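Right after this note come the structures.
Two complexes follow with subunit A in common, the first pairing it with subunit B and the second with subunit C.
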Partner chain A sequence: MHWWFPGDGNAYSTLGGKIDDLFYLILVIVSVTFVGTSAALGYALWRGAAIKSDEKVWFSHGSHSLEVIWTIVPSAVLLFIALYQLDVWAEYRMKGFAKEKDGSPKVITVVAEVTARQFEWRIRYPANGKPLKPTPQPDDIYSVNELHVPTGGLVTITLRTDDVQHAFFVPMLRVKQDAVPGKMIPVWFDATMPGNYEMLCAELCGWGHYKMKAMLVAQSADDFEAWKDKASADQFDDGYRKPAE
Partner chain B sequence: MSTLNPTLDHADHADHGDHSHGHDHAHKQSFISQYVFSTDHKMIGKQFLITTLFMMMVGGALALAVRWQLARPWERMPIFGDMVFGADGGQISPDAYTMLFTMHATVMIFLVIIPVLAGAFGNFLIPLQIGADDMAFPTLNMLSYWFMWPAIFLFGASFFMYGGGPAAGWTSYPLLSLLREAAPGSGDAQTLWLLGLTFVGVSSMMGSVNYMTTIINMRAPGMTLFRMPLTIWSMFITAILQAFALPVLTAAGFMMVSDRMLGTCFFVPSGIVVNNAAPTVGGGQTLLWQHLFWFYSHPAVYIMLLPAMGMVSDMLACMCRKPVFGYKPMVYSMAAIAGLGFIVWGHHMFISGMNPALGMTFMVSTIMIALPSAIKTFNWIGTIWGGRVQFNSVMLYCIAFVSMFIIGGLSGIFMAAVPVDIYIHDTYFIVAHFHYVIFGATLFGVFGAIQFWFPKMYGRMMNETVGKIHFVLTFIGFNCTFYPMHMLGIAGMPRRYADPYHFPYLEHLLPLNQFMTASAFLMGMAQFLLLGNFFYSMYFGPKCGRNPWGANGLEWTAPSPPGHGNFDVLPVVYHGPYEYGSPVSGDKDFLMQTEYVPLAQRVAAEEHH
Partner chain C sequence: MLRENLISMPRCSRTGFSVLVTFGLAVMNLGCGNGPQAVFTYRPTTDDLISEANKAVTKTLTEDFGTPEKLVAWERFPINYGGVKGTVASTDGPAGSVTVSLEGDSAKISKNASLLWISGSQANGKSAETSVKGFNAETKTLQLASGAGAPSAGDRFVVGFGEDMQLGRVVYMKNCMHCHGVTGDGNGPTGKFLNPRPRDYRNGKFKFTSTQSQEKATRDDLHRIVQYGIPGTYMPSFLLLGERETTAVVEYIRWLAVRGEFEKRFVEELTNDYSQTAIKDSTDKAEKSYLEKKRNKEEAEKPLNLSKAIKAAGTAFKKYVDDKELDGAIEETANLLAAAWTQAETPEALVVPTSQRVEDTPESRERGRLLYMSNTTKCYTCHGPTGRGDGAATEDFWDKPGTNVKYPNRGLHDEWGNPLKPRNLTSGQYRGGRRPLDLFRRIRAGIKGTPMPAFGDTVLKEPQVWDIVNYVMSLPYQQKQPTAVKHPSETVANNEEKPAN
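Up next, the complex of A and B:
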């Protein structure tokens, strides 16, 4: 019976770890609140059931000080939750655009362009040593339903869709982003461990929404380069060999 | 009969009082005008109630079909599957699955929850609780009911279009819903769906205008705003929400219809190729639909909740025999929920690709909307605290409302926190959350309200034992169905998947899903008890007097059921609605709003304490 986070329960990205920490933080706050309010509710009901027939009810229209207390305390807790989360969100969606500490613009190396379509993922990589161009290049490498990324550093992909809206979702990395028609959306994440992570669509995209099954393959930087070379060789292989001498 | 001029209105009332017996015979109505095209708010309320109860069974059947597929993927579904999917061997095909959940949500939201609250109870209770003889605009009121039927027919007819029913989810995000080639259900079915939605909107709007006017203009003498029951406050705030939010949805709906039929491009970017069709032209934005849709549909969440909150406050005070704790904070927090409700819609779009800076502001406003909800919960507990709790079925439903609302409210915080939402967005976690709020809270509140106001509707009581059995079965079935959905969500199971077990990391969730489906069937069957109890009691329940619960509201001064024009004596209001257990109430433990207590008696009671 494993009804918790997928796999062994760990997130395989730095940001995923932070998301899990925040999840557990909220879980603790929420559980304490739930137990507290439920206990109060249960106790009030128990007292209300046990009240004697000659006993008078507590004739009260409310209490100003209680209202003040249970306005201020929850708002402090809620504000804490809200503000505490901001930084992780900024890291996920905004800091990639920010400038470096010395003021120079941040250099973003895009690993691949991921294009969702009904009902598969098409992925386009630049050839080794070249940057990804917005338009397809002759030496680009293509794969379907298999996204290879290097481990060890931040990976940026460009997310697009050919047709309707989809969403890029890698549960083990805790990454999700909608692919919106007409938009190119940068998504950055890292994979802390090499391995295969399941990748799926999380936004209703038609009858085959459930079958956009794909795999994110995280490899060490060297393996990634080697894979790209091999994929490129396979892709451009036309079967021609020099005659044996 | 109703009028905006209070003086004439009062004269009219006096007339009723004098001739109350001869009146019925003098104006004997035909069957059609009494039961079908009735302008009497009580009959319209009952029409809404019975219609929504049947629609609840329809929506429930659709949900059970969805659950069947999740428990026994691709297996023949007995009875229902044979009837509907006979051509596929009784098997639910993946496109039929998308139609099922789309229509389950559509039916439950637009034909059950919104009309049962505002339509059924709003109509029935507003004039009775404020002491008016009818709504301000009775004909408009009648139309608001009859505009539901084109919607029902359009939604129903959409299933018979080429390709089947609408299949883009109840949110109908473009381009899936917009381009005909995108899905089998995006043909004419989607157009009918959009038109149906417009009719529901028109119906709600007519109700909303009517409720606002009635509540502002037609209160009985002495019924000041802060003497109104919380039910009326909630209906008033809901009506305001509808009036401001609905036009946006209607406009968005027309924009999409025009995109589909006239070739405009509000939501269509250029160069999109769907299913090898010709590339689209135009410079539209699909995100525009999401903004417009959620600008209505987030306030609509509160339209689906606030009236239940108000009714539960009324019922809790009555069943605990003590005043509502913090009446004014209750009113202010409802107003705060309504106000904040307009600036939180972006939390549905955290990962939609909108400007990420907006995610931050929407997160703060969304988390802060938990505050008025928390205040209301504390006040409900304060209302129960120190009371004489009557553990009848009404009270049980109300306790379930509060308790399920606590769970639903708290689980909302996970989604409101943007980073956590990245992971649980569009998983079963959100499905668990909104079912806890809409079913666990609202529908339990509605079940309680049916049991509580049934005597006023039909002059008979509903069966208490059957009510309790229905409560227990529904409560157990509900929690066993929806609580595990939190676990599914954390395990990363996305919603709207016809076959999640297609993915190895979700395979182990099948047994849990089978347990949930069994619970859902139990819960579904239990609703027949409610229907049976309802219709049996309508004719054979024990008769009751004007005030079977010993409640304070004006509706309980009218006969059960109230005749045309409601009150035989013009009510004059002297107190707020929650003076239960008041020291000045004499030997009974309630003090009706119309009961005048002379000053000397009040002073004596004060000195005594």
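Up next, the complex of A and C:
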């Protein structure tokens, strides 16, 4: 059914399924509209060809009722879409800010700072057990073109760019967000299954745009912590090995 | 679309034991239409040679290294061109198949792979190049294509020779060529817009390596750079290229570096005697002294004019070739490069600390700071007293190496003649890697082709290097400069000074 979607067609995030549903809804609406208007146009042409030359022509231009109909019907459809998608949009872009149900402020743990630059993704993580600070810290962990995130819950990244506009795009999670120079943009998403997902730049950012391919590695929380420990050990390696005795 | 056209041509090379093989790739279609044909360009010094010498150099380069569309694998150099080598164990099996022992991974043998006889009766015959119908890994039998001739036990062969090299070229043309250029001279179409400029491989030097200061880069070094890129430059990370592709492109880059340095060194042998500039210089000089002598009414012979001098040099070059001196120069250059690149892969070439990193304490950082500010290391002259890369050296005019001519711009330059800023150590970006080990290596072995010197073992002892590493690694996170301990020169010289109005 979803064969035209990226990867195996399934969305690997909670919100992804809802985004797919919206896609199908809009697809159905535009299909009906397209087929309907095409049929009407075809009918008009066919009818027009059959009109005898001595018959009087009827002009619809200036018809008040027609104008009202084709203003109200599309407006209603658009309004419906606007209202219907509101929940998904809010969940994607705003609910991360909202308070918990009991009124306490929602705690946002930022997993990493993702910085796009021509033509790669550079990523900075806080050390295990520490929050991400806006400025680099001595024990931060760095990776490039490989974003590790834990599964099983909402994760947040801070999206930045070093140079021009880029867009953070993980097709299989249905996440897309522009990176704008001078801004630090929070992006929320979750990965329902551990695995490797393609991570791309979705904004033509220069001649090497096609090179900006990276990988999003979703791991269980334990694996994620273990990976961070290992990455940290590698990063602070002093190269000294005890000689074998 | 890439059309592969394998034209393997074994040829006896000068020494007899190395095999020269060409393998080619017809036309590369870039973009929508046929892109410009990929060609290896020559150095200006090569173009400056008189025509006889220039022809000899370009002929050697074309014969021994080929063109981008028809590469030649010169086996003298330690480069993995790809392919699985093996020996015929017995020929008892059914006709057209032989039992073999392989020296590599049999999984790499694909159907219809090319087969090349290296030794034995087939090696120099018509059927030296043939192909493989299939390989049975269990019985170790290799089915040969018809017309493969009759090999005998003990014959050596290679299956799929040059496959990695061809893959490396495709990867290079897709991802690297735009900046680094077809020849690896850093003159690709986008190269001139970048700062810092893309690396010119043709000096055989790479900046960020794990090896001693005089050694080449290792495969691992290049592999790491391709995978993780160089932060702070336009070299991006190619982490998702795939292991096979990365390995292949690293070999291709090493080969380009060998080709470039071969040209450089070979031409340097000839430049003094056979370049147009050198001949013009010497005729000008001779003319000058002739006029001088004439003015003094001394006896003097009229020197050759330029065109005659070039002609004479051409005759001399013919003798140089006849005396086998040209072949000698080629041999010597090839030997030197082969030895250097082989040496780089040995454990002795690596810079490895023999002691643990000194614990990162404020005391250690302070010791590091004092060393940084001392005249033993003179770190501060370039990197600046606060590590911002704004030392006094960046304000000076420097000589071009080996000449008395100064660079037109202030500041330091690298071996390639590009302006170079000393690293701002407070930015937290480390081009050669951010591990303490990487910083240790930068201080120990320097940065090749740049004014960053190798301090080696004599100037700084290992714990001292670690102290500097600790200090440098603390710089990006420092809020205030420590004022507790002042540099000796400051306390002596500046104490009495009154602030200027």
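The rule we apply is simple: the second predicted complex is superposed on the first by the 213 of 245 C-alpha atoms of A that agree within 3 Å, B and C clash if a C-alpha of one lies under 4 Å from a C-alpha of the other, contacts with A are read in each partner's own complex, and residues count from 1 in each chain.
Throughout what follows, contacts are C-beta pairs under 8 Å (C-beta built on N, C-alpha and C of every residue); 3 or more make two chains touch, one makes a residue touch a chain.
Because the structure is predicted, anything quoted here is derived from the model rather than measured.
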Decide which partner touches more residues of subunit A, taking subunit B and subunit C as the two options. B
Which partner chains sit in contact with A:Phe169 here, subunit B, subunit C, both or neither? Use first/second/both/neither. first
Of the two partner chains, subunit B (first) and subunit C (second), which one does A:Gly62 touch, if any: first, second, both, or neither? first
Quick check on the superposed pair: does A:Val180 touch subunit B, subunit C, both, or neither? Answer first, second, both or neither. first
Does subunit B (first) or subunit C (second) touch A:Lys213, or do both, or does neither? both
Could you tell me if A:Glu146 is touching subunit B, subunit C, both of them or neither one (first, second, both, neither)? second
The shared contact residues of subunit A with subunit B and subunit C are 118, 207-208, 211, 213
Considering only the defined contacts, which subunit C positions touch subunit A in the complex? 175, 178, 190, 228-229, 231, 234, 236-240, 352-357, 428, 434-437, 440-441, 466, 473-474, 476-477
Residue numbers of subunit B touching subunit A in their complex, please. 93-95, 97-98, 167-169, 173-176, 179, 182-184, 269-275, 285-287, 320-329, 351-353, 356-357, 359-360, 363-364, 367-368, 370-371, 374-375, 377-379, 381-382, 384-389, 391, 399, 402-403, 406-407, 410-411, 413-414, 416-420, 422-423, 425-427, 484, 487-488, 490-492, 494, 496-500, 502-506, 508-509, 512, 578, 580-583, 589
Hey, which residues of subunit A end up touching subunit C in the complex? 118-120, 122, 136-138, 142, 144-146, 207-208, 211-215, 234-241
Spell out the residues on subunit A that touch subunit B in their complex, using ranges where they run on. 2-7, 15-16, 18-19, 22-23, 26-27, 29-30, 33-34, 37-38, 40-41, 44-45, 47-49, 51, 55-63, 66-67, 70-71, 74-75, 78-79, 81-83, 85-86, 88-90, 92-94, 118, 162-165, 167, 169, 171-172, 174-183, 185, 198, 200-211, 213
